[in-house]
Each structure stands twice: as C-alpha cells, then as structure tokens.
Amino acid sequence: MSSPTEGTANTGSFVTEEALQRLKKRHGAEARFKLYGQLAIGIAIVALVALLVSIFGQASSAFSRYVLSYDLNIEASYVDPDGTRDPEAIARNVSGFNLMLQDQLADEFLSDDANRNLRRELYGMFTRLAVLPIARATADAPETIGSEQIFNVALADDIDLFLKGGVSARKSIEIGTVAAGDGSTEDGVTLTLASQDAAEKLGAALTELTRTDVDDAPAVALIKAGNTWYRMEASEGRNLSLTYLAGPRALPSEGAAIEALILAQSQENRTVTDRQIAWTKILQTQGRIKSVLNTSLFTNSDSTYPELAGTAAAIVGSLLTMLVTALLAIPVGIFAAVYLEEFAPKNRLTSLIEVNINNLAAVPSIVFGLLGAAVFINFMGLPRSVPLVGGLVLGLLVLPTVIIASRAALTAVPPSIRTAALGVGASKTQSVFHHVLPLAAPGIMTGAIIGMARALGETAPLLLIGMVAFVAEVPDGPMDESTVLPVLIYKWSTGAERAWEPQTAAAIIVLLVFLILMNLIAIILRRRFERRW
Amino acid sequence: MLETFGHLPVAWLLFAVLAAAAFMAFYVGRTQAVGIARGYTSQLNSQPNYHGYFVAMATIAPAAVILLIYMMFGESLVRAQFASELPERIRALGDLELGQYIDRISEHATRRDATATGNALFDAASDRYTDLVGLSRIAAILLAVLAAAGGFFFGRSRLSGDFRARARVEDGIKFLLFLCAAIAILTTIGIVASLLFEALRFFSRVNVFSFLFGTEWNAQTGADFGAIPLFFGTFLIAFLAMLVAAPIGLFSAIYLSEYASPRVRSIVKPILELLAGIPTVVYGFFALQFVAPIVRASATWINGLPFIPDGFLAAQPTSALAAGLVMGIMIIPFVSSLSDDVINAVPQTLRDGAYAMGATKSETVKQVVMPAALPGVIAALLLAVSRAIGETMIVVMAAGQRAQITPDPTADLTTITVQIVALLTGDTEFDSAKTLSAFALGFVLFIVTLIFNLIALRVVKKYREKYE
Amino acid sequence: MPDHIVTAFTDELEHLSANLLRMGGLAESMIMDASRAVATFDLELARDVIKRDRSIDELEVEAEKAIIRLIALRHPMAGDLRAVLGAMKLAGDIERIGDLCKNIAKRCLELNGDENRAAVKGIERMSRAVSHQLQMALDCYLRQDIEAAKMVLDMDDDIDDHYTSLFRETLTYMMEDPRQIGSNTHLIFMAKNLERIGDHATNIAKAVYYMVTGEATTGAKVESRLAKDAGEQR
Amino acid sequence: MPDHIVTAFTDELEHLSANLLRMGGLAESMIMDASRAVATFDLELARDVIKRDRSIDELEVEAEKAIIRLIALRHPMAGDLRAVLGAMKLAGDIERIGDLCKNIAKRCLELNGDENRAAVKGIERMSRAVSHQLQMALDCYLRQDIEAAKMVLDMDDDIDDHYTSLFRETLTYMMEDPRQIGSNTHLIFMAKNLERIGDHATNIAKAVYYMVTGEATTGAKVESRLAKDAGEQR
Amino acid sequence: MDGNMEHFTQTKSSARADAASAPIKVDCQNIDVYYGDKQAIEDISLQIEDRSVTAFIGPSGCGKSTFLRCMNRMNDTIESAKVTGKIFMDGANINDPSIDPVLLRSRVGMVFQKPNPFPKSIYDNIAYGPRIHGLASGKAEMDEVVENSLRKAGLWEEVKDRLPAPGTSLSGGQQQRLCIARAIAVSPEVILMDEPCSALDPIATAKIEELIDELRERYCIVIVTHSMQQAARVSQKTAFFHLGKLIEYGDTERIFTNPEHGRTQDYITGRFG
Amino acid sequence: MDGNMEHFTQTKSSARADAASAPIKVDCQNIDVYYGDKQAIEDISLQIEDRSVTAFIGPSGCGKSTFLRCMNRMNDTIESAKVTGKIFMDGANINDPSIDPVLLRSRVGMVFQKPNPFPKSIYDNIAYGPRIHGLASGKAEMDEVVENSLRKAGLWEEVKDRLPAPGTSLSGGQQQRLCIARAIAVSPEVILMDEPCSALDPIATAKIEELIDELRERYCIVIVTHSMQQAARVSQKTAFFHLGKLIEYGDTERIFTNPEHGRTQDYITGRFG
C-alpha cells in the first residue's frame, strides 16, 4: 500500500491504521532479511573472485618464459670429443654442451682474463640442464655438428623473473645525451649530462625508489650510454661517476643518448647482479632474448630448478591413479548401491551398512591416508609412492561418495517404475537392470565423475603414502613411483625460491582445468539427461 | 617352457581365455535351451538367454575362485617351495633376511630383461624361481580350465524346461552385488582396525592420559606427546571457519531457495558449487599466498594502533586466522548446498499455507520454513564442523607448526591433521613412537568426526523421514 | 441407525419423512371427514374436504421436489436410496388417497340426503376400516416396522369384503328403487374409492416393507393385486 | 445428445426406454382388445387380456428394478436423472393402464351379452379415443417431443366428455330397465376405467414434458386434476 | 475483538439487512489470467454470494483453480502469472496495486489440496496467523482465539487434550480441519478451498463436507472440486468452467438437474469426450 | 499363439462349459497378512468370478489394497509382509513356494494408482512384457501384439501415429490406458487394478471405466477403489473391507441398494464416524 491516506480512498475498510503500522514494520524486516541473503552471496562470490584472481595473477607469468635465442656453433670438440657421432653419447654429454655455451657466451661478453667470479656470474644466467634440448636435438641430427645453429636456451629463473618485472622495483628513464665523457674504460668513467634537468630527473627518480624501510641501501642506477652499461656510483651536479658493467669498452661519444635504469634494491639484496642485468639488457637489444610459451610446464617432469620443472609426470601419475580409482570405485560403488537400494533385506545389518557408508563419506580424507599407510604399505607390503596404492586409497575414499550418489540416483527413480516392471512379470533383477539402472545412469555417472573430481583434487592421504617423493621421470605404469598434480602443487608451494610461486599457480591452473572439464561433463550430463519425476 | 610362462603376461591371457569360455558357454546354453523349447520359448521357465548366462556363470565362477586362491596364496606357495630348495646355508638365515633374499631373487627373476649377474648361485636361484613361478602358473591355469570345464558340464546338465535358470543367474548377480557392498564395510573395518592397532601400540609406549591431557607436544623429537595444543588448534580453527561459513552459507541458501529468481539461481548456484569443487590444496595455496600476508599486515597495523599494547597480536606469517578464514570459505558451499537441499525439501504447500495466511516472505521463511528445516540445517552445520576438523591441506599450508595454546588467532597454531602429515611424510618407520603417535591422533580424529557425523546423519534421517 | 456424517443429509431425509407423515395425517382426516359428510349429509364438511385436497397436492409437489433434489445432490445409497424411492411412492399414494377422498366429498354433494341408510352406514363403517388401515400404514412408516406392515397387508382382505358386500347390497337397493339409481351409483363409486384407498394404504405398507428390508414386495404385490382384482371385478 | 463415455450407461438407459415402449405397446393392445371383447362379447379374448396383464406387471417390476439399479449404480444427473425418474412414473402409469384393462376384461366376463348396444358402442368408441391418446403419449416419449405432449394433454378433455355422456346414457338405461342394473354398472365402471386410462396417458405426456424441459408440470397437473375431478364426480 | 473482526461483523449485519436478494461478497469482473503467453482464464465475470458455498467444477486444466487463486492474489507468487480485470470485495478492487496482498490474504483464507499444517504444535498452527497479524494481545486472548477456531472447525473435542502435539501428528482429515481452523483463526470473510478433500478418504471427506456446511453460516466459501458429487453435496451455487471460460453459473440444484448449457449437461452426465 | 496363450484359452473354454453358475477364477481361502507384528488382513476368504469386475471398497487402511496385492504376490516385494492362506487360481495355489511369483505376475496383470509408463517409447512400453516372456518371436509378431494390446485398451487410434514417442508424453488418462495395454500385452488372465483412476479427472476416469467394462468380456478384473460411486458403476461384485476383515461380499447392485451388514450400510450411506 503506497500510503495510508491515499489508500483509504479505494481500499475502503480493508486497512486499519494499526494494521498499516504493523505492515510497515513487517516490510522493513522483509527488506533487511533479503539484504542479509544478498550480502552472504556477495561475500561468497567476492571470496571466489579473490581466490581466482590471485591465482591467475600469479600464474600468468608462468605460462610464458624468456629464452636466450642464441646462435651456437656446435663444435665437435665439445659435443663429441670421441668423434664417434654416437647419438646416445651426444645426448648424454650435457656438460660438453654446457661448456660450449658457456665458452661461447664468455667469448662474446667477457675478456679473456675475466676472473672466475665474473664467469660464474655469466654462467649463472642459465642453468646447466637448459642445454639438454640442444643436446637432444644435436643427437638427433649429428650432421649439424660443426655448423652454426640457433637454439633457445632457457634463462635462469631469476633472470626470467627479472624480465617479467620481478626481483626489484625499477624505473627506466631517458636522461638526455652525453655532453662529455672522461676516464678510463677499464674501471670507470665520468660522464657529464647535457642538461641540468636530466640530472635532476635522475636524482628525483633515485630518491623516489629509495625505500629505507625495506632495506637500508639506497636505490641503484644503471646507466646506458651508447651501447655500454655502467653502474652509477655517485653523482655531482651533471657529472656522473660510473663503473663499467658490460658492452663495448669505448668511451661513449658526445651526443650519445643516455638511459638510466633505476632499481630499488642494490645487488646485495637481490638475486640478479647488476652485471647480469646489463648483459640481459644487451642481449635484449640484440633481439636475442624472446618470450616463448612455457611448454615445458606440460612436457617436463619435476625438477629442482623451477624454470625446468613441469607437470608432465604428475599429470600422468594423476591419470594412472585416477584409472585405478575409477576401476575400483565406480563398478564397486554402483554395484554396492544397487545391492543396498534394491536387494538388501531391510534389517539391522543393512541399516548398519547404510550408516556406515554415510559415515564413511564424511570421514576426513587423511584418515584414509592412515588406512593406506597402515594396510597397503605396512601390512600388505605394497611399494610406497605408486599410483596403484594411491588409486586404491582414493578409490576407497570416493567409494562412499559414488555409492551415495548412485543410491540417490536410484532412489530418484520412482518406485512406480519398479512396480510397473514387476507388474508385467519382470523379476526383481530384470526390473533393476532393464529399467531402474538405465534411468539412474545419468545420475550415477554424474556422481561418479564428481567423485573422481574429488579424488583428483585430493592431497592429504597421498602425502601419507609417500606420493610426495620427488619423481623426475614420467611413470610407466601403476607400479612405478610417481606423484600427482595436487601433491606436486603442495610440494612446489613449499619451494623456497620465489620462482616457485608462479609455477605453483600455473600447476593449480592445470589442475583446475582438469577439474572444470570433469565438472563440465557432469553438468552437461545432468542437464541433458536429468529427469524430473 | 616353464620359463616362458614365468614371464608371460598371464593375467591378460587368462582373461582372454575365460572370456572366450564364457562366451562359448553362453552360446551352448542358449542353443540347448532353444532346442528344449522347440520354438515355444515362452513354455520354458526361463528365457533361453538365461540358460546361456547360467552355463556361462557355472563355467567362470569355479575358475575365478581358483584364480583368486592362486592370486592370494600362489606366491607364498612358490616362495615356501623355493625356500625349501635353497641350500642349507641360506636357509639358516633368519626369517627376515631370508625373506629379503627371496625378495631380491624374485625381483630379479620377474624382470624380463634380467641378465646374468655373475653370481652363479644367485643366477641359478633366480632361474629356478622363474621355473617355479611358471609351474605354479601352469598348475593354476590347468586347474582353472578343469574347473571351468567341470562347471560347464554341470551347468549344461542342469538345463531343462522347468529349470529356473533365471533365478540361479539372479542369485549369482545378487551375490556379486553383495560382495561389492561388503567392500564398503571392509573399508570401515580396515580403518578402525588399523587405527586401533597402531594406536594401541602407541599407547603401550605412551600413557593414554598424558597423551590426551598433556599440554606439551614435541613429537618430532619424540619427547612430548601431549595433544591438548593440537586439539585446541583444531577446534579454534574449526570455530573460526564456522564463524565464516555458517552465516554466509545459511543466508546464501535461504536467499537462493526463497528469493532468487530462477535466473539468478542458475548463475549463483554453480558459482557456489565451483567453490566446493576447488581442491583443498588450492585453498591452502590461497591462504598461504594471499590471506596470510593480509592477516599479518592487519595484525601489524592493529599492533601499531594507539591503546594497543605492543605485540598484542602475534602477527605470524602463517596463522590460525588465515587458515580459519579460508577454511570457512571452503565450507560455505558445503553449508549452503546442504541447507539448500533441506530448505527445498520443505514442501511448497507449507509456504503456500503461510502466504495464504497473509505472511510475508521473510515471516514464512523464519517461522515456517526454517523451523521445518531446522533439524536438517543443524545436521548440515554439524557435518560442516566435522569437515573443518578433518580438513588437512589448508592447515598444513597456512596454520603453522607450533603446538601452543593461545587465544590469539593471528598466532600460528598446529592441528591434529597437520601433525599427522608432519609425522608421516617422508620415510616412516612403523615402530617408532613418532610414527605411531600419528595413528593415535588419527584415531582421535576419526572418533571425534564419527561422533559429529553420527549425530548429524541421525538428525538428517529423521528429518527425511518426516517429509517422505 | 446412526446419523450421517453430513447432518444436512439426515436433516433433509427427516424433513422429507415429516412431510410425508403430515400428508398422511391430512389424508386420514380427509377420509374420516368425507365419510362423516356422507353419513351426516354435511355439505359444508364435504366442501371443506374438497378444499383440503389442495394442500395435499402441494405437499406432494414439495415432497417430489425434495426427492429429486436428494437424488441429484446427495446420491443416496442403500437404505437411504430405498427410503427416498419409497418416499416417492408414498407421496404418490397419499396424493391419490387425497384425490379419492375429494372425489367422495364431491359425490357427496351429488347425493340428495335420502339414500338408504344401510348403504350409507356401510360406507361409514368401511371408511373407518380404511382410515384405520391408513393410520396403521403410516405408523409403520414412522416406526419402520415391517411386522405392522404385514398386518396392514392382511387388513386389505377385510376391506375388500366390506366393499363386495356393500356393492351387492347397493345393487339390490338400486333394483328395488330405480329412482335411487343415480345416488346409489355414487355410493358404489364411493365404496370403490374407499376400496382403492385401502389399496393405496396397502401400497404404503408394501413400500415400507421395501424400504426396510430392501426386498421388492413384487411377489406379495402381484398376489395382492390378483386378490384386489378379484375384489374389483364385483 | 452425444453418447456417454461409458457406453454401458447409454445402453442401460436405452434398454429401459425400450422396455417402457414395449409395456406401452402391450397396454395399447390390451385397451383395444378389452373393448373389442366387450363389443363382440368375446370371452376368450377377455380372458386373454386378463392373462396379458401379467406380462405388463412383470415388465414394470423389471423396469423398476432397472431404475433403482440406474440410480444406485450410475448416479444419473441432469437430463439422465429426469429421464430415469420420468421412466419411473411412466412405468407406474402403464402398469395401472394394464390393471385397468384387465379390470375391463374381467367385468366383460360378468356381462350377459344382451346389454344395450348403444352403451357398448360408446365404450368401444371411447376406448378407441383412449388408445389413440396413449399411442400419441408413447410416441412423444419415444421422440421426446413436447409439442406432441401438449396435444395429448388437450385430448383428455374429449375423453372426459365421452365418459360423462356415457355415464348419463347408461344411468338412463338402468332406470329404464332395472334388470340391467348389474351389467350396466359394470359398463359404467368400464367407462370409468377408460377415463382413468386417459388420465394415465395424460400423466405420461406430462412426464415426457418434465423429462425434456426439466420443468415440473405441477401447474398443469393441478389444473388438469381439477378438470379430471370435475369429470369424475359425474 | 479488534478492528478486523468488528468490520467483519459490520459487513454481516449490513448484509443481513439486504436479506431478500443474497448479498454479493466477491464481484469478479472480466478476469483474464495469462501464464507467460498462455491464457489460462478468459474474461470471466462472476458474483459470489456471501454466506453460501460456491463450487467451481470443470475438467482438469479448465482454470478453476487458477481463478480461485485470483481471489487472494496467490497468483502473485507465481512468477509468470499475469492477472487483469477487477475483483471487488466489499467495494474495494483487490487487484488494485495499492492493495497489499499480505493484508488481503488475512481476510481471504485459503485451504489447499494437501493438508499442510506447519511443523509446529497444534496450538501454534492456529496461533500463527493471529500472531503475525496482531489479532490477539496476551496469552488468554490467544487461547480464546485458538479454542474458538478449533471449535468452529469441529476439531476442539478431538485435540483439546493435546494442543502441544505437532500438527503433523494428526490424521489426514484432522490435518485438513486443522488447516481450516488455521484459516478461520485470522477471522477471514472469505474462505477459498482448493480441492480440500482430494487427498482424503470418503469418511474424512464427509467430515470436511459437514464442516463446510456448518461454516457456510458465517463465511463466504468458494470451493474448487474435482468431484461433481461433492459440488452437488456442499454447494449452493455452482460454476462450470471449461477451457478457461465460465460456461454456466447458477444454483447447484438447477445445474445438476437442469443445466442450461449443453456442455454443462454433457460434463455432468458424463458425455464429455 | 503360444503356450501361455493356449493355456489361457483352455481355461476359458472349460469355464464356458460351466456357464450356468459363473466360473470361479480366483479362490482365496483364509488369507492373513501381517506387516511385521501388525495384522493387516484377517482371515479373508473370497471367490472371484471370471469375466467380471469385482470391486474392493472400504475406508483407508481397511486392507483392500493389501488383499489385492496378495493375488499376484506383490506383497512378496515388501520385506516385512507375511501372507498365509491359500489362493487358488485355476486349481493351483499361488502361495505355494513352488510357484514362481515372476511367472505368476505374467498371468496376473496389475495396474497401479498412478499411471506409471516406463520412460520409453509407447511401443517399447507395450513390448517390454512380451519380450521378457518371449511371447513374440520377431518384429512382425511383436508389432501385432503391440497393436492388439493398444486396440484392446482403446488407445490405438490415438497413438498409432506416434508409437516411438515416449509413453510419458501422453496425458494422464492415456498413460493409464497405456499401462492397461501393457498389462494386457502379456496375455494375463486376471487384471488387478489398484485405484486406477484416483489420479485422473472425471473425463479420463469415465474413459477408463468404459475400458474396464469392455475388458470384462475377456478378463477377470479386480479393482480396488476409493470411490464407492466408481465401484457401483463398473463392478458386478463388490467386497467391503473394514479393519482388515471382509465385511460383506456380493452383487454390486445388492451391496449398493440393500447391503446385509450394518457396517456396509453405514459406510455406503456415509454414516461412518
């Protein structure tokens, strides 16, 4: 009612003042109640969005990675010192390839007398195993030995992270041109900026990025003049005193453009050194660093190096485990449900079974892990860390879920169908297998898929049966050591290096994709075949 | 030949043979039945197909039993025989070492690409072992084939016009179904037995009371096994989780089932279900990477406020609060979908009744629908609590490891499940108190959740009966 | 018998039977008054009787309506159905009784007052018997008493005897005194009417018998009709 | 009107109406035969008519059973209910017609064959009229024709006139020849019976009117009854 | 009692003054109802008398229930339903947007096909309506309302000793009478019944019919029924619906003995194909 | 046709020889049924005639349905039910353990309260029974069985053009006739119907009743019904049950016009309190 005064005209005796007062209060309560509901849903959705955003945000960087696209001269002396051209030997000769890459890089970037530290800094830009693909490729085509080939070499995770904007807050500015340069090329130079403005700009940027509350060192400026990179040690007006880092050793010519890269953290506080940054920048200007899709995430197995670690073994491990789980849980679950729902006499034993199954479904998953550890491993002596055991444990874990879902689907088939079948002279078994089970099939399948999805995401019980072990090889069969995706995620998430974080997020996304696919199938099944009685 | 058998993938072979036998038996049985009926199949007690099934069943079942026996006892038989053939010197070894020796031999023997090791005795033994395995397999297969043949002829002999083949076949099917149902029971028995067994072993070393009521927990060093801090951590986190999940889940369920238009419902419900489908390890990661830092920052900020004593909140990088919040989010769909089911089960006629009395929607919900649904909702909450108590990954990743009793939710706490994982990951020796304490904890966990579950399930059952 | 769960149904049935009894009472009084009018040659009374038939007719219409209503809306079954159908017969019979009484009263108006006393006395006697029979029939309807109903059936023979003797007697008078032929004919018709009233009373008893036992009185009816016809042919 | 979904119901209704028509046909023939027996003094025919009443009675019992059955088991409504209740009335009327014919035939047996021809002729003529009226009434039942039913109602006056003149005539004869009083009284009763048959035919027409229109013919009935009584008092 | 009740009594007395022609309680004018694109009710106008029972009959899907639900705007609770036309109750058009359906429903009670007592005690079932509408102040008054309602519904004697027992513990027929008592408790003027006996056996049905007959003395009752026999037994007026249209409306006796419309006749006599 | 059918025909002809007194098809002797400790049926003996419709009536819970379900041993499917006594069908005691209930049910068809077609095509609904009993060899024969059954159930004309459509797409009344056709398809001798019209509207009900009346010519039909009117309309014999006992059994006409037993009279006339 809009208002009591307006209302009285045509509503006549319908309302009393008192009733209207009450009504107003009641409608107020109504609106508040509704708001609580909306709020609750809002919070739930916000939580979900926050979760997804944080994970996708983390993961996005893991799906691409930076590689050094380097034209390597495949020298026989490195790769095939025996000259046998034996592919296997070549493939195995990782250190030869490594040495070759190191030497060729050193040739380009370091003077011959560079000390070991300098060399180590350079070699640190990629990991030893990064040459593995080169070795394999060469082994596959031994005729390339002696020629120059372009290969992509994965950059070390820190460099990769730096290129993706991690490692340190930074800012890149142009500060005009060189007015004058002076000093020896060996140790350092002093450059004079063309304008006072540029100097001030540089000073302002430095102050801006200096954050003493995070670490006590001030921000660092790397200066690129011409093609040479320096670190700025001090500045005085327009004069900058610089230390050489990388690039041509010639003194920058007058008028050469100057750029400054200002980093919030000094190299003591970060995982990438100034020189490495300089090299990276030079390689970047040479166009030899490019971003590629991180296929190794799917093709590689686990590794101690985040940039090389992949989910392949875990995916296969998960699939094998799921296979075992499905073989155990689905048929046994369906049959058990059919027995309980259709055939079991209603007595105390079956009601016990019922309570038992319902309860089993709510038993914490970790208890199943304990069961697996005690029974399968300790008592039956099955090997640890194998998909067979994992699958069995998960199978038992989801068995009640499958049974309950199947029973629900069976109960949903109206009893009239059963009596109809019995009424035309079908036996109990015929009525079940001809009518009830086919009608319940979509529901059962939906339940089974959802159960499998649950198994796929399950972690805790697998930790207890040793599937957390490090597995670098794609498993061959259910009796091979392996790990599974969620456990891999758990393991990666505990990794110390920061590069593990995006990697973990990426693995989560892989897992989520599988889960979403399974749920999608379940939803489609339900939508398509669901029958309302 | 024995050796070949020792290596062949016999399982597959047998499977194929049995399948073929079953098929043939079915065909023979069917044909015979058709012959008996002379075209008037409806005069038979059972349809010809059932006669076929019966013969097939009679053929396979005994063979399957024999193969099952072989699978269970075959290897120990072979090993016993093998051990008796070993030289006295080796047999003199202790049981344990002998067993390990035979293990090595059997491992070597079953490897298809096994090559000579150079150790003559070992090689000979391993060859002999292969032979024995082959022999046992041949024996098993022969027995199985004989049993199958016997079953086949027995089955055929039973066929007649009055023979109730269908009933026999259905009995067989029922038995199979019963076996499947029994597995579920066996699981529970297995859980209870294994937990109890290991827990008893633990309690033979550590006093039950000092375990249940002790306040110091240092299991990794094997020093202290007082589980109170773990219980405290577990329940604090579960409490925090329910603080989040109960109101949000309940109100979402009410809104969805009573207020939301079908369109909104069809969008929001899957979103909530999505929340349920996310693996706990993902929540753990989320808690660790996203929520824990926020909690810590907030705690730090609160600590910095005036009037707040310094160090009022622990502000740890992992905290009970972070774990509790995320666990709450995880449980929301659990509460909401269970409550939603319960609320939807309240018959529409009740709502109509209330509307027709002139009740508003919220009055209907509060005074008619919710009282009707209350038992179910309580059960849903109990199940949610049980779930929160048993949840592992979130707490493992985000709650911390320190066993302490503190009401400060920003401190890091540990829980039963965290300790189980911590104690059982990596290599485990099944006879150290450290390992066994995990089983004791598991037993406690199982009992506690069992109690919650039983109460909840009983309430749910009562509730269902009311509206069915 | 217990009441119907739906009391309105019981009410309607009771209302119907009350109506019928009222009709019956009216008819009874009409018989007596008509015969008294004849005996005392009371023309006023005769005219009154004629007038009274109107209310019986109206009551019958009402009863018939109520019966249709009951059948259409209440779907009576078993005993109730028999009660309703029996009531329909009763209403028809009583209405006919009213008609016949009116006819007697009308004929009374045609008499000249000096008819032979014996015949007039005979009619008076006969009317008493008939009225008693009707009274008993209505009584057994009220009490749903089949023993009484059987007695009513037996009484019919008496009345038929009455009629036969009266018929013979009057015929003799007519032959003796041809001038009286006109009025004597009327007397014969009166007697005949009374005999018919007796038949209707018998029918009422039969209807009651049917209502209570559910057994068609067909056998009895046919027999009694033969008896009646035997009486009639005189 | 379309058939009932349950054809057995339609069948039963049709069977009932066929039965009634058969009864009607029988009654018609009895009227004609009875009067012919009187006219030709054919005692054989008279005895035959008497016998035939038995079958009408049986048919009535059957019809009544069928009606009770229909009401109890089929719960007829609206038009069907009217048809069934109308049939009940019809059956009663036709049965009465049969009785009256039998009575005529019985009285025929009491005649001595030398009654005055004029009166006998008059009865024959009257019976023709009555039989025609009945025929028309049955016809309008068959065709559910209310226009025809109205015509039947009109015909009743003719018959009443017939009766009145016959009554007067016979009375005259009786006075003239007192020896004939006995047989002439029978003739008067015969005429009276025929007049009653006419009334019943009228009732049939009224029942048809009710069946078809659902309107009680009460008004008409009361009126006509008055007319009838006016006739009767003579 | 209170405002509502007073008003109730008032209406009644004014109605009684006009005893000659039965007073009209509900006057429906040109009602159309659409479910989405489907028209369920087509231009129905109908005047329902006070203090009498009006029955709606017709084959399944003829719209009788839909029309009934217009009278307390229960169709509002169905998303896709659209109602046009005017329904006057004591002069006010209840379809007017200014009328709050919540208040309307307190004056137009409804009883449903399946007995639907609230999962509360018998007492609270009855007290629920008066409570939300504030019709009784204090326990004593409420007790009185409960007792009166139960008495009117003929249930008092059966349940007076177990008022705290749950309403669902009663038998089906008792539950339905409880629902009627519940409807009565808010002192409605009109009571709508949607096939109130279709879930009950003949005995329970007869009891409800008896109750309806008693309630007729105080309320305007509209009943939708599947069973023509029931309509014949309990109602004074009958409306026959077919395909969303009102075919015939009149005295029950006439409808069942002499319907005017051929389709009514066909339906009632079982000739409907 | 086949063995079953032959047997069926045989019985019929022998029955016809005995035309004077109606042949007895089912002879129940001293039947008791217990549900757990509760006795649902108490010592009922009853002889059911062939080629006629026998109706079971009585208040809710009187045991009429339970007794019906004894006749095809549907009570076997209820765990706690225990049936004692003998039921002879063509001389064989169907309660004998040597009788296979599954085969029995192919000779005693059953139609249920709610139409329950299988969620398959109309064709398959009918064909299912003959298929599992091997009553038709080959598609052509099956087509014939299906057509015949549908014709007998009066549904052929309505569905012949859409045999592959799902059975559930039919209207309620059609579904029920489909269920009857399905029961007929296995050539039963007895057809049990458990309140077959209680979920249908009057028109559909009338159609089913008409069908029952037609089927009476070939089958022995036993129908449990809630509605006395229905029993009156369709049956030749009526049995009245009360509290698990058979109170009265006899010709329907007699039961409805002149029941012997007071309790029957009370129930039928609506006096049952």
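We call the chains A, B, C, D, E and F, going by the order they appear; numbering starts again at 1 in every chain.
As a convention for this text, a contact is a pair of C-beta atoms (placed from the backbone, for glycine too) under 8 Å apart; a residue touches a chain by one contact, two chains touch by 3 or more.
It should be emphasised that the depicted structure is a prediction, and the values quoted were computed from it without experimental measurement.
Listed by label, the chains that touch subunit C and also subunit F are D, E. Shared contact partners of subunit E and subunit F, listed by label: A, B, C, D. The minimum number of touch steps linking subunit A to subunit C comes to 2.
Subunit C maps onto subunit D through a rotation of 180 degrees [Cα fit, steps of 5, range 0 to 180].
Chains A-B form the pair with the most C-beta pairs in contact.
Centroid to centroid, with C-alpha atoms defining each point, subunit A and subunit B lie 27 Å apart. Each chain gets a centre from the mean of its Cα atoms; for subunit A and subunit F, those two points are 66 Å apart.
Centre-to-centre separation of subunit B and subunit F, using mean CA positions: 48 Å.
Centre-to-centre separation between subunit B and subunit C, using Cα means, comes to 93 Å. Residues of subunit A found to touch two or more other chains are 26, 427-428.
The residues of subunit C that reach two or more other chains are 4-6, 9, 68, 72, 75, 77-78, 81, listed in rising order.
The set of subunit E residues touching two or more other chains comprises 102-104, 132-133, 203, 206, 228-229, 232, 256-257, 270, 272-273.
Contact topology of the protein chains: irregular, matching none of line, ring, star or complete.
Under the contact rule stated at the top, the pairs of chains that touch are A-B, A-E, A-F, B-E, B-F, C-D, C-E, C-F, D-E, D-F, E-F.
The residues of subunit F lying in touch with subunit E in their complex are 59-60, 172, 201-204, 206, 226-229, 267, 270, 272-273.
By the touch criterion stated above, subunit E contacts subunit C in their complex at residues 203, 206-207, 209-210, 213, 229, 232-233, 252-253, 256-257.
Against subunit C, in their complex, subunit D makes its touches with residues 54, 57, 61, 64-65, 68, 71-72, 75, 77-78, 81, 85, 88, 92, 99, 102-103, 106-107, 109-110, 171, 174-175, 178-179, 181-182, 185, 188-189, 192, 216, 218, 222, 225, 229, 232-233.
Considering their complex, residues 345-346, 414, 416-428, 430, 434-435, 439, 531 of subunit A touch subunit F. Against subunit D, in their complex, subunit E makes its touches with residues 228-229, 232, 255-259, 264-266, 268-273.
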